[in-house]
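As structure tokens, here come the structures.
Shared between the two complexes below is chain A, which has chain B as its partner in the first and chain C in the second.
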Partner chain A sequence: MAAPSRLPLLQVCSTRVFLLRCTQGFHSEPTVREPAYPPVIPSRTAKSKSAKKRREDDYHSQIRAASSVQDKLRLLTKLQREKYVVYPQTFTLNADRWYQHFTKTVFLPGLPEKFSVGRQVVDNENGKVPPAAGGVDPAVVDENTFSELRSLVGNGILQENFYLKKRRPFLQKEQEHVVAPFLSNLVSSVTNALAKYNPLLKKSSLDFNPEVSFYWVRGERTVTRGHRRGRVDPIRFQINDQPHCQIRVPEQLEEFLPLQESVSAEVPVVHFEPNRLPMFQRQYDNNIFIGSKVTDPCSYGHTQFHLVHDRFKRDRLIKGNLADQIEVRLRANAIASLFAWTGAQAMYQGFWSHEDLTRPFVSQAVVTDGQYFSFFCYQLNTLALTVQTDQNNPRKNICWGTENMRLYEEVKDGEVVGLNDDVLKLLVHFLLNKPQKM
Partner chain B sequence: MSKVLLNGVRSNEPMLLSVQIGNAARSAFLNYSHSRRCDVGGRRFFSVTCSLFGRGPPSRKEKKTVEIPGLDRVTYADRMHFVPGLAKPIFPDWQRDWHDPHHYRGPNNEEMKLYKENPCYVFNQRTKILEGVRQALWLTKSKLIQGLPEHILALAEDPANQIEDQDERVQQAIRHSRFWDTTAIRPKRDRFCPVLFRDLLHLCGTLQVKHTSLSKRILAENYRVAALWNRESDVFQVRGLNGMLLNSMTPLPAVAQSGEVLATENHTLETFYPISPTIDLQCTYVYDQKNDTGFREGYPYPHTHTLFFTETEDSAAKFKPEQLRAKMIMFAFGNALARAKSLYGEHPQVLEHPVVVQSVATDGRLFQFIVLQLNTTDLGPDTGVKNLVWMDQDQLLYDYAKCRPLIKKKVVTVPAGLSGYQPETFKKFLALHLHGAV
Partner chain C sequence: MCLSVPLSRYPLYQLGNPQLRIFRTNFFMTLVKPGKEQPPDTVQFQIPMEMTKCDVKNYLEKIYSVPVGAVRTRIQYCTNKKRNHLSQRVKRPDYKVAYIQLAQQQTFQFPEIFPQKDTALEPGSVEEMQDQFMQDEQQRQKADPRRGGVTEWFGL
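Right after this comes the complex of A and B.
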């Protein structure tokens, strides 16, 4: 402006004409001007930490923007890398503490209040109790039904152990030969008998030998050797589990504890790398699977039944001074299997580590070797287990579990000696679990 | 079967076909070479020192030693070397003075404890008989009636006996078994067949809410049946593992009344000369004559209800529909006969209360239904009262269950997913399940 006139700039700026022109536009609306240049963000392809962060953020926003659950799962699992394979039925020592660390689970002995053994399951006073429809206590079963269940269970035990003429089982196949048919019969007969008290069981789906798998990331490690030395890598885990049978339902079970409630117990922290457990890495398909694909309407879990390994022999563990490892192995089995199942259920609903759960996911499990039964409940409160998402995450997953209880003492001359009613009552209580509104 | 390992073969001739012979060729060879010495394709070696299958060293033709009574044979045994003109000495067979399990030749048939002069023709779970249903009817002295009995089918037509949303739930079961049960695109037949069967049984079990007598049943897997009978001077047996058995506390009511039963006396059994009725049955001279239901005395569920057959992983046990129906008839008959003999004794007689056994077989899509009524255990002569078999064959449960649509010339001929569902087949399944309990 000063250029056409020969006056110096500062003198022009102080002239009245100039000042008027400058102040003239203040009473009108400011014109919105589009940024002339794109925002300044780090590069995508550079070899820098900010570029890596940008790539990760782009990946996360791509997952968030995925149109369907199948797409989300595909994006989360498409890249194959070496990962630790977690076996729920493991023989490693003190595996339950390690598994609790990997899954951020707190273990509470006993069962949640809903299943406390004092609560009455069988109604002894009244002869007939109307089934659940509008009843006061929905978890009460008729005395007749309970005695019928007792005889069903007794007959199941006797059929496999006494009446059915069997050959000697092949080596290390005793569970499959003797216990597996008994457990199948037990689950299907008790579920059918209790269907009139729990309408959820009528709509359920009973799978035999399903595959349950889960893939997650927890913790980080610095690569020590190799061409990637010095880089920080997340630690990946995969569980591929095959329970004996499981019940899947179309509606979600109710939570045992509210989501925000904090539990006093602590998650054990293990400072060693997972390969010290020992646990080994492999690279193969990353699967997230509850037992059937996403399109199945029964996408929530109810109860899983696990058979222990053939190599899990109590007398051998006691003889080798490892009596406490009996409980450890059962707990490890329950924690790993139930975490995988509930985690997969949550991912089927679209939650993942960066979009954490808005409601807890709950499932139950029974681990047995035919004679000893243990009952476990699991509540998944958080999937945010990566280092980035875990920084301000106070939530913990909770697992409740009982010690193992004997269902019967022995089978003698066509009679089951010492059939334990408490175990049956717990089993009935487990299977009667249903959402409040049903 | 595992791959054949070439460890070191005694013969100097090249191993022509030992490695390349696949299962199909080997089984084809074994089926068609009835003569013992057939060196064309190879034979199995039971020795531990060489490979498993091959042509082996050429068998040397032994010169017959001529025994003239009264004359001693002059041999070169004393000379300790071959002398031309003298006879070859016959030395006694050398026996190892200790028992070596790797070099043990079992006793000949004639020396076995259970050797009998008359052969027995055994039907086991892998037998595929040439004439199929006709041969099975002759062997079991039965009359065939096409179609299931009316009063059984009427059980499923009654709306009180139907499951809620029956068609929808059966279709969900089919989709679960055919599409959703695996992390791969589609499960294999030996996976989806038993899964579909278990799902359908679970659906039928939910009817226990309405009909409590359905609880008086139990499934038995891996049981072995044994039944023995004579037919026109030949001895027949049905033996071994067969399928899954549903046992019940109460017997099935007789399907055909006594009038119809007596009318079968006029029916003549169909023969198929020149084929012998014992074709394809395993002929054995060493057998135990026993009739065994597979369960001990005092079993709480003594009455057979239904026998289920599903496709298994065993490639040798894949059946064509005709042979599968024959197997169903034979094993249903075997179970019925074993039970009749345990109830009424070994003496051949016409039964006052006929024994009824049902059988269902499936390959995941086609269903075969059979109801067998055992009227008589007097099976020796061809005349007299016959047993009755009602058969409903090749019932499709659905037309197509495709993961990818079938497109011919750019037109979708069969869409992806389940198509062509036929509700009648499940109604028959349900009717057979409810028979005896309603």
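Right after this comes the complex of A and C.
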């Protein structure tokens, strides 16, 4: 104290300031200031695993903090890398097992209870609604309306196969020339006829040749050759699908099974790399699209209609010794297309692999080649398919599907022979699906 | 592989020709063990360069009645870099590989031709005692692991 002031010590000690300072805070706690160190976190730019993890966590928190859905989608899809392109209609063998593995889907044969319990779709006695077994009020259609639908369908078939004089279509264009117009006709006329029974259809949007695309990550692989050898890379997938037509609705359909309910069937696991399927990699724009942009009011899916291409028709497969692959390919088509559609719908609502779904997303599909119809339902329970998020994720996506059913036997002398009512009833039941509260 | 009739001499088909029927082919295929792990329905063959996918499919279906789902082929280029004692470049011949996927859900696993023999010696036999003795000797000769690889030269 005396040294800085150049005064004699005793004089300094007797000053008032000195005495005050000595006695003032004598019995109180000393003011302790916490040392303000910066937080101990790994570096961002170092060549270490913790630095990589920190970069990934920063990226994830940036996505979580995104202000709008468009920003979120942009952040998720802006980085382009090599990815496997998944084709819903594929020539590969046993594709359905592989697609189930890529999308973590369980396949259950048959349709969910909703479509099998309350099967009484057509009201046979006028004015009387038959009670269903489960106590659920099924959508019921008048007998008159049903016969009207039958005639519409019959007319549609005859229009393309009998009334219209068509030239022989060019190679591998028969589906496009003959079946595609019939399917458009069928969908639009049946939807219009059923609009009075299902108010949801009045607010729906029917798109023709829409584009549905989805981009996701599943699994990891170690790079074997090249300058990145030894590094662990996630496996990326992209679907670009073009269904024949689809119905989009502004309100979500009800779930078939509760989200937390576990299904007894297992997801098949394939230990081989996707290129053994064979599936090929490309690098291009990562798209996530349901058929309309994010701001469109009809942002949930109802039903898709798929047309089987000429290359994958029944007679070609039977000729090529692949008769058992017919059902396999339909299943693969349904699983891939519906997973892409429901996944894109979920992403439009802001869910992604690290922010998993809080409610299941449901869609339906009909796959046909003109004569044979098969019906599929899909429930998306989880989008968390990356290695990191899948570790404690018991949820699985579920796909229900029927076998091939013939709509009609043949067209003979201007008459449709053997029109199957069951197929029509199932189609009507599909289109009448609506949320409970409507 | 030596052929009596060169493969390129099969008659070219023109519209109106009769159906070409071949009863004894010039092709010979070799079933090989896959180098990389293949899915269970995939079989790997080495085929002559002139053979096509359709030829492979017809060959297996008609002669061996194997239901073939899909065939994919590739040509393996082998080196022309090696030189002999006269400093001339020696080409290792190229070969074509076919990957066949079987139809009707059939599977095929290439058998182990050289199985790994378990060298489990009988307890109580002379070889087992010798083996044990050698292992003990090696253990004795090894340095103390607590030294962490430092040799005996550094020390007392």
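Just so we're on the same page, the second predicted complex is superposed on the first by the 388 of 438 C-alpha atoms of A that agree within 3 Å, B and C clash if a C-alpha of one lies under 4 Å from a C-alpha of the other, contacts with A are read in each partner's own complex, and residues count from 1 in each chain.
Criterion: a contact is a pair of C-beta atoms (placed from the backbone, for glycine too) under 8 Å apart; a residue touches a chain by one contact, two chains touch by 3 or more.
Predicted, not measured: the structure shown is a model, and the values here were computed from it.
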| item | value |
| --- | --- |
| Touched partner set for A:59, first chain B, second chain C, both or neither | neither |
| Which superposed partner A:372 touches (first chain B, second chain C, both, neither) | neither |
| Superposed model, chain A: greater residue contact from chain B or chain C | B |
| Which superposed partner A:276 touches (first chain B, second chain C, both, neither) | second |
| Partner chain in contact with A:91 - chain B first, chain C second, else both or neither | second |
| Contacts of A:18 with chain B and chain C, given as first, second, both or neither | neither |
| Touched partner set for A:325, first chain B, second chain C, both or neither | second |
| Partner chain(s) touched by A:287 [first = chain B, second = chain C, both, neither] | first |
| First (chain B), second (chain C), both or neither touched by A:210 | first |
| Contacts on chain A seen with chain B and repeated with chain C across the two complexes | none |
| Touching residues on chain A, where the partner in the complex is chain C | 91-94, 272, 276, 278, 321-322, 324-325 |
| Partner chain B, residues of chain A touching it in the complex | 148, 152, 155-156, 158-159, 162-166, 177, 181, 184-185, 188-189, 191-193, 195-196, 201-202, 205-208, 210-211, 213, 285, 287, 289, 291-293, 295-297, 414 |
| Complex contact set, residues of chain C against chain A | 37-39, 41-42, 61, 67-70, 72, 101, 103-105 |
| Of chain B, residues touching chain A in the complex | 164, 172, 175-176, 179-183, 194-195, 198-199, 201-202, 205-206, 208-209, 214-215, 218-224, 292, 294-296, 298-301 |
